[in-house]
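Structures incoming, each one as structure tokens.
Okay, so chain A shows up in both of these, paired with chain B first and chain C after.
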Partner chain A sequence: MFNPNNVFTKVITLSPALLLALLILPVIGGLVGVLLPAFSYIPALGEIGLSMKGFSALINTAGFSDMVRLSISSAFISTLLAFSINLLLVAAYFTSPWLNRIQRLLGPVLVIPHAAAAIAISFLITPSGMIARLFSPWLSGWQSPADWLLPHDPWGISMILGLTLKELPFLLLMTLAALAQTDLATNLRAQHKMALSLGYSPVTAFFKVVLPNLYPFLRLPVLAVLAYASANVEVPLILGPNAPPTLAVAIMNWFNDVDLTLRIKASAGAIIQLLLTIGLLIVWWCGEKIIKRITQLSLVNGTRNYADKGITWFVHLLTTVIVSCVLLSLVGLILWSFAGYWRFPESLPDQLVLMHWQSAFSHMQTPIMNTLLIGFIATLAAIVLTLFTLEAEQQRGYTLSRFATIVIYLPMLIPSIAFLFGLVWFQEQINSQHALFNVIFSHLLFVVPYVFLSLANSYRRLDPRFMNLAASLGATPTKVFWQIKLPMLATPICIACALGLAVSFSQYLPTLLNGGGRINTLTTEAVALASGASRRVSAVYALVQMLLPALAFALAWFIPKLLIQNQHKGNHA
Partner chain B sequence: MHSLAIKHLTIWQQSTPLISLDETIQGGDILSVMGPSGSGKSTLLNWLTGMLPATFHAQGQLYLGQQELTHTASHSRRLGLLYQDALLFPHLSVAGNIAFAMPKTTRKQRTDKIHHALDQVGLKGFENRSPASLSGGQQARVALLRVLLSEPKAILLDEPFSKLDSQLRHEIRELVFAQIREHKLPAIMVTHDCVDAQAAQGKIVNLGTQEYNHA
Partner chain C sequence: MIRHKQPHIVICNTLCGLILLLTAPFFSIATEHSPTWQTIVNNGSNKPVYFHAWGGDPQINIYIQWLSEQVRQRYNIELHHIKLTDTSEAVSRVLAEKSAGNYDEGKVDLIWINGANFAVMAQNGLLAPNWAQSLPNFALTNPDKNPAVTLDFGVPTQGMESPWGQAALTFYYDSRAMSAPPYSLAELLTWSAQHQGRFTYPKPPDFIGVSFLKYALIGLTPESLKHLLYQPATEQSATLLLPTLWRYLDALHPNLWRKGRYFVNNSTALRRLMGDTELSLALTFSAPEVPAAVQRYDLPTSIRSYAMHDGSLSNTHFVAIPYNASHINGAKLVANFMLSIDAQAKKQQPHIWGDRTVLDLSLLSEHQAHLFTQPNPHPSSLISTVQSPALAEPHPSWVKVINHGWLMRYGAKGQ
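So, the complex of A and B:
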């Protein structure tokens, strides 16, 4: 007999396994698909004997060690900077309402795609950019743009700046989210007060009392930032040096080369990239243990104050600089998108025109449609899978295993460049015709971890008394799921949707690779244009890239309110 | 030895007066502040420690001996706090918790002092234990040592015994009061328990009825 309840329960029971398979198979398969060619096994090219020639070609590539050094230094320095600034901000404003105000100011940066943020930063620091214009000619004396190698400086300073500014809001949000967990927050704040009453000045009290108990909540976000910074391609493409580029960018270029034999070298590079990222994660983890060891004694040495006044002033200054940088890049982007003729030292364009927007929009329709289509399907699939998995967890009565949790966050930690090429190879074997499907599937890998991260807490904390009450009134688990849980979770579900869309909108590498270059989205177009001639068209693309996720979050904020209003109307009728 | 003086204090919540108080506490004396919840007991403590939320405003002065503390930063007041929860720092050992509170001295001096103090309250050899492994009574004793060895100028007690069971409660109460008298510290205890207030053998102020008397 057909029973909808049973069918639904079966689907629910199966979904955790499905979710795990969906994440683990492509990642593992992709890694195998890179590992084989790395050791020169490519039957399609007539290479079937295993050898190390990919690796020796890689090591003999001119500038190889520079690429590795650049990847390591930019990832490590930017992560360390973002993390330190984050701690300083939280320490200095721990008891002040400014902490939430700064988060509100920087929060929007979070949803801006990396490519758009990098474009905005490049407009800020380029010799004819907003900073140079603001200080010229009255301070610098420049009548024409200086001859700086910005933003593509060979040391990767622009890249470090871009990554730091982009990752800081993410770390800040994660810190505040940990501090918003009521039980933890109450304890930490009470302990901070206790330290103050023992004569510790506020910043020192934060580092000695709050940080050691807060850090475990920041570990995964920091490692994700480090992994991303070491292997991403869009920020180095827009802000990094060209010759030699970072390892990840070089690998991408070799894979996309018409010379297919370069694929062996590229695969070997992907393996090195994977080791490099894992190595960085291990170094960070060891560094954490060493610092803990070293500071253990100074925690209780009785020093109440380590130049707290100076630190507080420094943080005030730093905050002002960071917030001004963010605002100034945004203003610069908007001005460029409307600028007519704009002579160098002038802070404002001579005239404002709509021309760039009009011409961009005439070419933008297909990329926008693709972006939305891919984003909506990937997000919908991710939301359904996540909700079903969380529901299965509650019906079984125990939470996901540690292994499952690690698998869900795997795509955040493993560099995408290391497994995406292998995945492309597999997809080519199965169905090379469906570029759009392949892109959506690859986006799903990156959307799921964020959707899961954002929904899991609200779902697990739902007051069980509501469900017990519904069950005592005779509602089946299926009915409780659809009629109690989902409506009660309307707000977190909408926010998870917006986050999923924002993550999908910002994907560059999966779109480019898994679509075989045939699917254009706003992000791929924006990255392609960023190295091109027209700064004005590039500004328009970056702004539209920012507007789409902003729109998604505005809807996520608005829809639950609308739903609640309608429910109340229905009750009165 | 100092006295703690609250002079002409009035605290308003928005525009409604919540507390009025004018008291001087000599060293070794304990002022008990009683009253139902909502009568402003914790607001008074927040004012004393300099952590009054922005929704309140206060008039009046706080003196420690001749020194005015009214506008001194929280962490510079040197008023020791004892809560109903021990609030031991979970990432530090028992000795670490106490050392954290002590004024800066050499490591040797600190270790000796901690050893001696633990011995006195019957926790000999507990130095390296983690706070989570202690019983409620043991935690309360470590919390007390932590406050005392921070060498405060006065002590504020916020319902300090309300989470202890009755046998333990009596024991810890006697210990705390004895230590306050021995160190000749002025103390203010906020409580809703008459037995606590009577055992303190000091003046008892009732915030709830005081409000009523003014009306």
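So, the complex of A and C:
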């Protein structure tokens, strides 16, 4: 006999295994697809003997050590900066309504794809950018743009700036998401209040009382930021130096080079990139342990105040600078998208025209449709899989193994450049011809970790008493899942959806490679145009790229309110 | 672009109709001569064709969109433009397919290609051979008298690619920033010393960057040794010719934008810097993009184009079909339509794309040839009255030697 409860329970039981297989097979397959060529095994080029010549060619590349140094320093410094600024902001505004306001101001940055954000920042800091225009010629005396080094400076300062500004809102959102969990937040805020009443000044109280309990929730986001910063290609392409570039950019160039034998060197580079990223993650993890050990004593040394006034003022200043940078680049983007002739040092264009929007929109329909279709399917699949996996956890009564957790976050931590090229090869092997399916599948790899990350804690921390009560009233687990858990999780689910969409919207390499270049999304179009064309068209694309995910987040904010309102109405009726 | 549409489109449509009528007889003669062409039309129609072509220029993208409307009307072919940031992406894809044992269901049907990309694909047997000369419209290029349509950077095409357009290295400058631009390599050096940081060229292996280096190499090589550039590069010839180039660059680089520490990645980035007025002098391989960019507000109105008096590097660009393309016949139909008089005439219109035709206009009727003339040149467009000798592309093997040498000397400068 057909019993929906049984079917549901079966699906639930199977989903963790399905989720793991879905994530682990392509990543491992992709890595194998890179490992073989790295040791000179490419039958298509007539290379079938295993050798190390890829690695020796790599080490002999001019500027190889500079590439590695640049990748390491930019990733580490930008992550450290974004993380520290995030902590300072949260510490200084922990009890103030400004924390949420700042998050709302910086929110839009979170949803801009990295490429678009990098373009916006380059508009800001180039010698002919918004900052220079605002101060010229009355202060700087420049009649034509100065020949200064930003962006593309050899030290990677512009790149660090770009990555920091882009990752800060992500970390802030993750911090606030952790603090949105009712029980954790109540505890932490109560403890913070207690510390204040014991005479600790607010910032010190945050670092001594709140941070040690909060950090476990931030570890993964920070590691993801670090991994991303060390291996991404969009930001260094637009803001970084190119003589030499970062390792990841060099690998991409070698993969795409006309000289096909460079594939061997590129694959060897991908392996080095993988080791470099893993190394950075380990260093961060060790650093965390060391800092914990060192600061253990000072947590309880009783000091109430460490120059808190100064820190608070510094944070005010920092916030103002960051927020004005973000606003100024937004204003710059909007102006460029409407600009007619706009000669330096004018701070406003000579005329405003609709031409760039019109010509962009006449070519944008298909990319927008593709972006939405891929985003919605990938996100829906990710949400269902995540919820079922988490439900399976609760029905089994124990959380996922450490191994499984690592696997889920694998695509976030392994540099995509290290396995995507292999994944394309892998998909060719199993003859997966459907480009749209391949793209959705590859997006799923990147969407799942973020969705899981943003849902897992809320799900695991649901107050079990509700479920126990429902069960004691005779509700089946299926009923509890659909009628108790899901409604209670409406807000986190909506946020996870919006995050999943934003992640999918911004994917560049997976769309390009796994779709065989046949699937055009807003992001692939934007990056293709950013490599050429005009600032004006780039600005239009960057703005539309921002608009789509912003819409998703607006809905994520609005829908739960609507649901709650309806519930209340229902109760009154 | 939108501004130009209304009047021109109407005229253009009527003209297209006329051309169709005029070319119809030619077309039927060609089909009689090659009975297989009808088979190609039958087999190629009603199917998609995936055209992998660089997608960095909106103007060209719009022209390709027009092409796809035309082949839909004629053959019910769904032409998809896969926009590449670099042509080598398509080369990589075909190789990946070959390594995965995909010999007849390739995803790339047609590639816009020339130079080193072509040489690599041809060498590795990645292209379908001996088809270009069978296209009915290929005869319009007068291949016997015009070697530029069967030689790609000096390498015989062997029917692996069909010509699409021609380009010459053109310079453009901001007339508000200087009284007169430099007209030769020697003048460029003195000019750059007077205008510090106002000129740069894209970093090799970018096409324009390498082209600038080739122009410099040809210009700096004494007449008696020039023939070496048109033979495969050897270690001997490289050590003989390259040091003069490096000496020239050593002198030039400190005067460049960012003092030569940073080079942009492509020529469109160059155009953006011209738009920002960070640069006052730049170069391009498609002269008509300059006035078009001025009309789109991307460049200031004070921009003027010109050709160097000591010569302009010239080459042809082609379309090729991978050996494993899924829709070989459809791709041939598209390539043939690209060579038609109406497609070539439209392409040469400055407000459409402005790419020089590969057809031999002397083979056309006066009326047909008239379609290729330019009514009112834009002040920023290239005026071709000044004599600038065409410099033929060196043998493609020089590209690798120049790239390698450049990257070793300038590519990995730390600070």
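Following the convention adopted for this analysis, the second predicted complex is superposed on the first by the 478 of 573 C-alpha atoms of A that agree within 3 Å, B and C clash if a C-alpha of one lies under 4 Å from a C-alpha of the other, contacts with A are read in each partner's own complex, and residues count from 1 in each chain.
The criterion applied here is as follows: contacts are C-beta pairs under 8 Å (C-beta built on N, C-alpha and C of every residue); 3 or more make two chains touch, one makes a residue touch a chain.
Remember, it's a predicted structure, so these values are computed and weren't measured experimentally.
Enquirer: Once the shared chain is lined up, is A:L555 touching chain B (first), chain C (second), both, or neither of them?
Expert: So A:L555 meets neither chain B nor chain C here.
Enquirer: After the superposition on A, what does A:A185 contact: first (chain B), second (chain C), both or neither?
Expert: Touch partners of A:A185: none, neither chain B nor chain C.
Enquirer: Should A:I484 be classified as contacting the first partner (chain B), the second (chain C), both, or neither?
Expert: In the superposition, A:I484 contacts neither chain B nor chain C.
Enquirer: A:R536 in the overlay: touching chain B, chain C, both, or neither? Say first, second, both or neither.
Expert: Second partner only.
Enquirer: Look at the residues of chain A and decide whether chain B or chain C touches more of them.
Expert: More residues of chain A are touched by C.
Enquirer: Counting only touches as set out at the top, which of chain B and chain C does A:L413 meet: first, second, both, neither?
Expert: A:L413 sits against neither chain B nor chain C.
Enquirer: Tell me the contact category for A:P202 with respect to chain B and chain C: first, second, both or neither.
Expert: A:P202: touches chain B, not chain C.
Enquirer: Contacts for A:W425 in the overlay, against chain B (first) and chain C (second): which applies, first, second, both or neither?
Expert: second
Enquirer: In the complex formed with chain C, which residues of chain A make contact?
Expert: 42-45, 62-63, 66, 126-128, 144-145, 147, 149, 152-155, 237, 241-244, 255-260, 263, 339-344, 353, 355-356, 358-359, 363, 424-425, 428-429, 433, 435, 512, 516-518, 520, 524-525, 527-529, 531-537
Enquirer: So in the complex, the part of chain B that touches chain A is made up of which residues?
Expert: 49, 51, 73-81, 83, 85, 87, 89-92, 95-96, 99-105, 107, 110, 146, 150
Enquirer: Which residues, counting only chain A, touch chain B once they are in their complex?
Expert: 187, 190-191, 193-202, 205, 208-209, 212-213, 299-304
Enquirer: Which of the residues in chain C come into contact with chain A in the complex?
Expert: Where chain C meets chain A, its residues are 1-3, 50, 52, 55-58, 61-62, 65, 80, 82-86, 88-93, 95-100, 102, 105, 107, 116-117, 120, 124, 177, 196-197, 203, 205, 257-259, 261-263, 265-266, 268-269, 271-272, 275-278, 293, 296-298, 300-301, 400, 407-408, 410-415.
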